[in-house]
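Shown below is the structure under consideration.
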Amino acid sequence: MIKISLPFVLINFKTYAEATGKKAVRIAKTVEKVSLETGVCIGVAPQFADIAPVVGSVSIPVFSQHIDPIIPGNSTGHVLAESIRENGAKGTLINHSERRLKLADIDAAVTRAKEVGLISVVCTNNPSVSVSATALNPDMLAIEPPELIGTGISVSKAKPEVVTDTVKLVRNVNKKVTILCGAGITVGEDVGAALRLGTEGVLVASGVVKAKYPDKVLLEFAKAVTKSERGHR
Amino acid sequence: MIKISLPFVLINFKTYAEATGKKAVRIAKTVEKVSLETGVCIGVAPQFADIAPVVGSVSIPVFSQHIDPIIPGNSTGHVLAESIRENGAKGTLINHSERRLKLADIDAAVTRAKEVGLISVVCTNNPSVSVSATALNPDMLAIEPPELIGTGISVSKAKPEVVTDTVKLVRNVNKKVTILCGAGITVGEDVGAALRLGTEGVLVASGVVKAKYPDKVLLEFAKAVTKSERGHR
Amino acid sequence: MIKISLPFVLINFKTYAEATGKKAVRIAKTVEKVSLETGVCIGVAPQFADIAPVVGSVSIPVFSQHIDPIIPGNSTGHVLAESIRENGAKGTLINHSERRLKLADIDAAVTRAKEVGLISVVCTNNPSVSVSATALNPDMLAIEPPELIGTGISVSKAKPEVVTDTVKLVRNVNKKVTILCGAGITVGEDVGAALRLGTEGVLVASGVVKAKYPDKVLLEFAKAVTKSERGHR
Amino acid sequence: MIKISLPFVLINFKTYAEATGKKAVRIAKTVEKVSLETGVCIGVAPQFADIAPVVGSVSIPVFSQHIDPIIPGNSTGHVLAESIRENGAKGTLINHSERRLKLADIDAAVTRAKEVGLISVVCTNNPSVSVSATALNPDMLAIEPPELIGTGISVSKAKPEVVTDTVKLVRNVNKKVTILCGAGITVGEDVGAALRLGTEGVLVASGVVKAKYPDKVLLEFAKAVTKSERGHR
């Protein structure tokens, strides 16, 4: 398993025009620069077709945005864990709110990720679903209240209880899974708040990708991480 | 629009282990070699993440296996036409029997393909669905009776009426769309038969990818094409 | 096949609280009353579980909101055409914008409807998709621009060209299919306009079900139909 | 909440021809007869459209095969908990292997079932998914290895460890949820074995519905239940 140091910041490129094709590579390089300068572990999750070019251009961890719960075979148009892994991705989101999966398929996708050596980050929408997902033994969880995604209203400020309840309930049954949170994170203070609530990192998309100056936002995030970086693994 | 010369042979890599990652590149090179030697236009459709490495290694047309009917935005884990196009693909399958789409989404995906300059190949399962798909104005149709896919029993021999009915009904309403057929094609004779039934090419997967000697099978296919290459555009 | 006289008005109950359970029966009785008084053919499409009680209470045509493209067998939780038919429904919507189907499944569902003697009403979202759906030989089409559904802004006024283009393009290839339109229809004038644009009826939901006085709205609709009832089959 | 006495036998009618329309009512009467004669609690899960006629004909508990995670509104062709409840169902299957749901939707469907007073039976495919589902607080779980469904090879004999692991892992985190098992159950001995493995009932489909003499099979099941009926709630 690849080492991701905590706290971990993961930038989801979604299918934003600002992070597609050549622009995916460009923004990944910006992320890498901030990561190298600050020592904070920051990963990126570009679109499937952009994984290889991004991996070829930067040394930070690259994630897929999704894998299908399939083994090699007759699955035209699906996303095979092996193809993601062979092209250099270190991990994958599973069950993002924009790509929800059936329960049995999350289970199978987490298993497939383990089999090929991808870090699995299962996204969830509330505390009870987070506990439910934990039972499937993913490497990481990312709790994101869907109603806040893309709003610029930070989960760590608008719904801190969703984060603290998730941390409390999940830790009751599992000490190992890494807990991230996301939704509406746009400034350093949102990241600091997320870490103070007990998470070990954040999942961010538009807050960085659609920012006027992504490098400035990333630097702010990294500073917030560095500031809080005590008492964490 | 990129020129594809007819008859056209399109090799679908599906998610076969034999055509994933480095092996996708290797088999694409074999395809390119046969195409250059014989002058027959042969394209490949690797997995999303393998598109960039394959495009970087060969000069034959590369297709995606699927695109989603989305515009740039909040669509984590989906396949944006632009990302496929920017990574060098020339076209895309839409609605393959292993990745069926809703009718309104096929319409939107064909439109998206046109907008970014991707050749659209809509897959269909019977003559009436073929006429239905034709109304959406794709560049190509690929009729494949799903019950024969992967069987090694060729559509052109086992169900020639499916092909001839499709050609007849589609030509009634549209003279321009390129008609391919597929399912169970494994030997040169299957390709020859498909062309004699009125199609302008074939869509093949396991017949090549899982063959003991893909280069031999491809050569056979190319010879069958060359032999029939009269009276076609 | 059951006779539906044209122009035809079909009321979709959706899953509105105002048309669920006992209230489905109540509103169906109101519809029946107006239909009997005015002689205009008006049908209702309640939820699956409400079909039997509604059929038991009224003599107007009852439609299902959806059927699955399945034959009897291992399909827990799906909607079998036979179960709809046996409980007295005369027809079914297929591919409503809130229950879109894959293209091959629309084809199979239309076939299943024919097999069990249900009138099929395939819903579409634009003129080219309407032509596409026509190729599958349903009994009726209902063109509804999804962006107007539930808005109270009538398709017949806001987007008349969507309706006239649909009528023109569909009639080019098929003289028999009955063409309805829907979306945003709330007053009698919307119905009159729809008929003048060349349709043979309307598909309405909230305009009736969520109206303060459904009986008044229905009477208005019926008057608009009666007024235009010349030159139609 | 309606009382279901344990052990509980639930007969899933699926979309079998033998249990559609009038035949759904007939087989439900057979089930009721056996239940009344033996005192064993046996419920039936007919198709949506058959719920009202079945409820009108028998006094045993009637379940739906599925509900959608929706509230009343714009959801044409979906299954609203209220419509199921108002037509007399006492409970519902959720996430049957033939109608798998997304994780967040299982959570929402269980919540909707509670809100309207339906007993929720969440189906699962393996022990870890069972623990996962338990976190969503359904009333009942039904563990069914999908590869055995409809085979006549009983889970309680072919894969007893799937059942015992499920019971053990689920009981670690939840003492209250009722645990059923299913798949391949065709004779009384299968039911007896299921109860001895720690479950509190069974979910059966073809074993009863497609039996030559459903009444005989049901009697055998009931005897197996009666025999084991010690030490249970």
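We just call them A, B, C and D in the order they show up, numbering each chain from 1.
What we mean here is this: a residue touches a chain if its C-beta (ideal position, glycine included) is under 8 Å from a C-beta of that chain, and two chains touch if they have at least 3 such contacts.
All of these numbers come straight from a predicted model, not from anything done at the bench.
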| message | As a quick test, compute the distance in whole Å between the mean CA positions of chain A and chain C. | response | 44
| Distance from chain B to chain A - Cα centre to Cα centre, in angstrom | 35
| query | Hey, what residues on chain D touch two or more of the other chains? | reply | 97
| query | Line, ring, star, complete or other: which one describes how these chains touch? | reply | ring
| query | Could you list each pair of chains that touch, in label order? | reply | A-B, A-D, B-C, C-D
| message | Residue numbers of chain D touching chain A in their complex, please. | response | 95, 97, 100-107, 124-126, 128-129, 131-137, 173
| Footprint of chain D on chain C - complex, ascending | 12, 14-17, 20-22, 24, 45, 47-53, 64-66, 70, 72-80, 82-87, 89, 93, 96-99, 149-150, 205-206
